[in-house]
C-alpha cells in the first residue's frame, strides 16, 4: 500500500454529526490520514476540536483560507480536503482549495444556491483537482448492483420510479430550543439554501434515483410544505417526476413523519422486472423478474455481482452499514486521487458523485421551490 | 341466531374472481344464504353457474330484471342482492333492486361514470333499501383500529398521508391475449369507466385513506399513464392530494409494478405520531408515538382494541386475511339489514361503505382523469 | 353443487375458541350445514348455545350419546360430527359416532392417553366411517407446497429439521384465576393428558414436521419444564429428534415465551436446499436452492404450484389465513365423505390428517413425558 | 486524542477473511496503528502481505517468536498484538507476547484444546498484559442493551434461552476442492480443535447467550453430526442447556443449512418479558413486556439506552454493522490498554470478552464432543 493520502477537513468540529462520519469513512480502508483542519470558525472550538483529534498544533486552523494557503505551501501539505460545513460555505471553501490544486471531497448538497453551484462546477471543471460529492448512498454495494442491473436491461424499459426519504427528527420545532445545532442551520435558508427537507434529504433521494436508473427527470411538479409553525423552509415535499424516456416518478421527502428514522427507499419498475432497496436494511436488494418469484439478493451472497463485491469487505450475513457505504465513496476518491497524483487517468470503474451531480441536486431543489410557489406547476429541470 | 338473510347475486359466474369472494364472504359468519342468481347474461353460463352453486332451478335467472321482478313477488324472495358485474352494470342493476326495496351490496367502483354515480346515490337515498359498497379493505380489524386511533387524536393533527396500491398483473397486454376475461373488461373504458388502475384499485386506496383519516381531499393533481402499448385506460397513476385541514398526501396506484401482488399500503403521520398498515400483512399495525419506540400492534394481541376485536374471529397469531376482512363488510351489512327489517335504526357502531363513499370514489376517478388531461392541474374534489 | 353435508358438533358451546373455528371452517366453502349439536354437557348451556347457532330445538342435545343414537335413526340425520371437546372426551365421543357409521372430524390431540388413542385407531380402522383429525396447519397451501417440494427432492437428502411452536398465553398462572376456562382444562392432566404444551401445541409442531418431511423420528430426547409454579403439566419443552434416514431435528414448544402469539415455524434443510415457513405469515414460503438467492414463494403468486393452488381461494397478495387453512381440512373431508357416501374410493389427491397421525401425536407426547422423567434419555417412537 | 496504540498482527495474510476484519476494526475509531506483522509463516507470503499493508520492511516477520522478541526490544515496539491464526496456534503465539508484556487481542475460539485454554488462562492471569478475546458479537450496541435489560430485571426471572447460529457455506465438501483455505483448516481437527461448527460458531452462540443472560449453563446434552461425507468434525449440532437458576435452553449451530448466511439469533424469555435479536439485522432489538405490544428498539433510536449509545457512532436509521460491532471490541480494548499503560485501573464500564470467556467456550466445545460421544448424555460444564 502506498503512503496514505494527507487529508484536511473544514468544518466538523465537536458535536457535528457529519464531520465524524467523514473521518470514520476516511479511516475504514486506511487510505487517508487526517493531518490538518479548520474544524470550526470559532478559534477556541477549532483548537479544542483539533486537539481532540490529535492534529499537530500548527495544522489546526481557525480560518479555512489560511489553511488552504499554508497547506498548499508547506512540505507534505494536504493532498485533499473534506468540506463538512453548513451548505452555504461549500462554495467559498471549495473555491480556495480547488484553486490551489487540492482535491475536494464535499458534503451535499453542493451549495445553498444554484448560481453558486454553477460557479463551483465551472471552477471544478477548470481545476486539475478532483471534486467528489458525498452522495454517500451511491456507495452501498447493492445500490451499485441495482444500477448495473438496470443498465444491463434486467428490468427492461423503465416505467415507474418510486423514491422516498422519510425522517421524523424535525417533527417538532427543535430548531427553536437552542439544544440542537444541526436543526438550526439546516432550517435556516441563509445557511442551508431555499430547500429544507428537499435540500437536506430530497437531494439524496433524487441523486439515488438518478444513479440507479441512469436517467434524470426533465420536469417536476412539487408541492412543498412547512408543517411546523414558524419553520422557514420546507419540512415535507411531494414531487412528481417526468422523464424524457416516458418513465414517470414520485419522490417524497419528509422530516416530520414519526416512526421514520432514515427511511431512504427506492423502487424501480420496468416492463421486465422490479427492484426494491431500502437504506435501513442496505444489505438486501429485492428483485422480481416479471412472472417469477421475488428474490432476495444479499450483499456478499449468491446473488451479489462483481460490482457489489468490489466495494464489499465482509461475506454475506456479516452486515455492512452506513459507514462502509460512506467509506466506499472515500475509497473510490482515493483511487482517483492516487491515479491523478501519478499522472494517470482515473480508472474506468471508479464511481463517485461529481460536481455535476451536485449541480443537478441544487437545480432539483431550485425547481422544487419554484414549482411549489407556482402551485406545483411543471418546471423544467436541466 | 335468526334465520339467514336470503341473498341473490348478479354477475359472478364461473371464473369470475370477485363473485366467488363475495360468496365466501357472505358465508363466513353464517348470516346469509345464497338462494338466487343472475350469474351471467349468457343463459347457458347463467344456468351452469347456478347449478354449480346448488341454486334451485327456478331461481337461476339469465336476466337481472326478471330476477328483481320475480324475487320481489315470490314468497321468501331475496332480501338482498350482491352486484358483482363489470362496473358499467352496477347502476342499471342496482336501480332495479333498490326500486323494489331489495337491499344492495355492490362491488366497487360504484359506477363507470360520475353521472351514473350521482343518479344511483339519489335512488339509494330515496329507497328504503340499504346500499352497501364493498370497499372491503375497511373491513380489516386493524384498519378499523387505525381509524379509531386517528379519531381519538393519537396521531395529533394530521400532516401527511401516503397511500399506494401496487400490482403487477397488467404489466403486459394480457387483455389482448383472449385468455384473461377480467383484464378485458377492466381495461375497457366502456365497461370499467374512464379510469383503469385509478378506478380498479385507486378508488380502494382513496377510500382507505379517507376511512382512516376521516378526511377527504379537496383537490388533487394527477399524472396518469398507460404504459402498455395500446391500453385504453391508465395502468399507473401518480396523484397529489390536498386536504382542507392543511394535510397533504400522495397516492400511487399501479398495475404494472413487477413484484407487487396486491400492495395496498397506508401510512399516516400527524404531529404526535405515525401509523403504517399494509394489506398483504393485515394483522399488523405499526404505531409510533413521536419520540418513542415503534410498536407492533397485532390483531387479537395486547394492543388490539375493542373496535378491532369486535370484527375478529381468532386470537392473536392466528392470522385472518382478505376473506375475513371482506366478510366483515357482509356481516356489518347483515346487522344493518336485520335492524332495518325489524323496523329499527341501524346500530351506531355498524360501519360499512355507503353509496356516498361510492360517489366520492367515482368523483376521484373523474378528477384524476380531468387533471391528467390538463397536465396534472389541480382539480377540485367535492 | 350437491346438497350440503349434514354436520353435528359435540362440544364447542359459547366461549369455546375452537368450536367457533370449526364452525367457520365448515362454512367457508359451503360444503357443510351444521344441523345438530351437543354443544355442552350442561343442559342449559347446551340449549343456549344451540339456540344461538339457530339449531332446531329437537336437534339440540345435552348428551352426546343421545345425539349419536337419535341422529343415526332419524331421516336426514347428520352425516358427520365435529368433536371439539376437551381431549379426554375425544375417545368416548368418537366411539359413539364411529360405531354408528357417522363420519368423525376430531380436534387434536387425538386423545388424552396413548391406550385411548390406540383403541380409537382400532375402532376407526374397523368402521366404515371416516376419521379426520384437524391438524389444521397441514391445510395451509404453502405447507402443502413445501411437502411436495421435499417429496420431489428439491431439498435433496434431508439433514436438519428445526420446528418450533411458541406462545405466551400461559406465562402466568391464568388457570388459577377462574377467568380462563381454556387454560383450566388445558393444564389439567385429567382432561388434556400428561402433556401440557407438548400435547396442546407440540403435537402440531410434530405433525407439521412429519407432514412436510415425509419422515417420522424414530427416537427423541425431551427436557420438559413447568415453569409456572403449581402448574401440573409442562409449559415448555426442548426436544431432540433422530430420524432413521440420518436426519436430525430440534423441536421447541412453549406457552411461556412472551412476545410469541402463535409462533409455529418450520425450517427444513437438505443437501440441495432449504425451506422456511411460519404460521403467522402463512402465505409466504422461503426457498433457497443451495448456492442461489433466496426466493419468496407466495400463495397465489408466480412460485405457487398446483398443489397449493388447489386449496387456495384468492390470488396472490390477497392473504388467506388460519381459517382458510382450517377450512381446507374440512373441504378435503367433504370430498372424502362425498366419495364414501357415493360408494366410491376417496380421490388420491385428498389430503387430511388421519387417526394414525393422531396416534403418532399421542405417542410423541407419551415419549416426551417418559424421556423427560428419565432425564431426557433417548426414547423410541413407533 | 493520545497517540495511537502500536499494533502488531500474527496471521491474517492475504486472502484471510478474519485478518482483514481485525485490521478494519482496529482502524475504525482511530485508536490503533498497525505497524508490524508476522502475517504468514511462509516468508514470501509474509513479505508480500506486509508490503501490501504498507508495513515497514524491518517490521515484517515470518516468525512470530522473532517478532515478539524484537518488538519487545526496539524503541516504539508494538503495544499490542492481534492473533488471527488458525485456532491451534493461538496458544503458542499468545504465550510469546503475553510473556513479554504485550497486550493480546485474540480471535476465538481461545484454543484448539481445553488443556491449552487452561494454560493460556493461567498465563494471562499471571501477566501484566491484557488479554482480549474477539467474541465480536458482544460488541453490538443492541446486544449490550439486551444484556443491561436482563440485568435490570426487565424480563423478570429467566426461563428460556433459544440461541442459534446457522450458516450454509459448508453444505458441500468444499474443504476437499483445494479452493477454499478457510474451510480446510476449519474442518481439520488438528488445527481447529475437536469441534467443527461447535467450535467455529457454536462458541459464539454460547458466548452471546452467556453475555446477555449473565448466566452460564451448568450442564448440556449435545447431539452432533457430520453430515457431509468424509468431514472430520461436526458441521451441525443440537444442544440442550440447563442452568442452575432453573432456566433451560436450546442451542443450534449449523454450517449446512442452505439459505442461512450468518444467522446468529438469540431469544430470551423470562416471566415478565421477552427479547429477540438477530445478527443479520443488528440494529434492531425486539422487546415484549408480557401483556403489552411488541416494541422495536433501534440502535440510535428512541428506545436505545446509554449503554448502546456509548458504543454507537451514527444516529438511528443509519445502520451500523458487523465491522462497527467488531470495532467496539477493539475500542474497548484500547481504553483498557491506555488505562493500563497509564498505570490506572481499567474503567468499570469497559466490556470485552476475556480469557475466562475463552476457557468457557473451549469447555463448551469439549463438553459437546464428550456428550455427543455418549449419546447426548448430560455433561457438566464448569
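Which chain is which? They are A, B, C and D, in the order written, and residues in each are numbered from 1.
Just so it is clear, a residue touches a chain if its C-beta (ideal position, glycine included) is under 8 Å from a C-beta of that chain, and two chains touch if they have at least 3 such contacts.
Source: prediction; values computed, not measured.
Common neighbours of chain B and chain D, listed by label, are A, C.
Across A-C and A-D, it is A-D that has more C-beta pairs touching. The chain with its Cα centroid farthest from the Cα centroid of chain B is D. Centre to centre, using the average C-alpha position, chain A and chain D are separated by 34 Å. Chain A and chain B have CA centres that are 43 Å apart. If you average the Cα atoms of chain A and of chain C, the two centres end up 55 Å apart. In chain C, the residues touching two or more other chains are 260, 287, 291, 294, 298, 301. Residues 287, 291-298, 301-303 of chain B are the ones that touch chain D when the two sit in their complex.
Chain A meets chain B in the complex at residues 155, 159-160, 162, 164, 168, 171-172, 221, 223, 225, 227, 236, 238, 240, 242, 246, 248-250, 252, 254, 256-260, 267, 269-274, 276, 286-291, 294, 375-376, 378.
Note for the complex: chain D touches chain A at residues 1-4, 17, 20-21, 23-24, 27-30, 51-54, 167, 169, 260-263, 279-283, 298, 300-301, 313-324.
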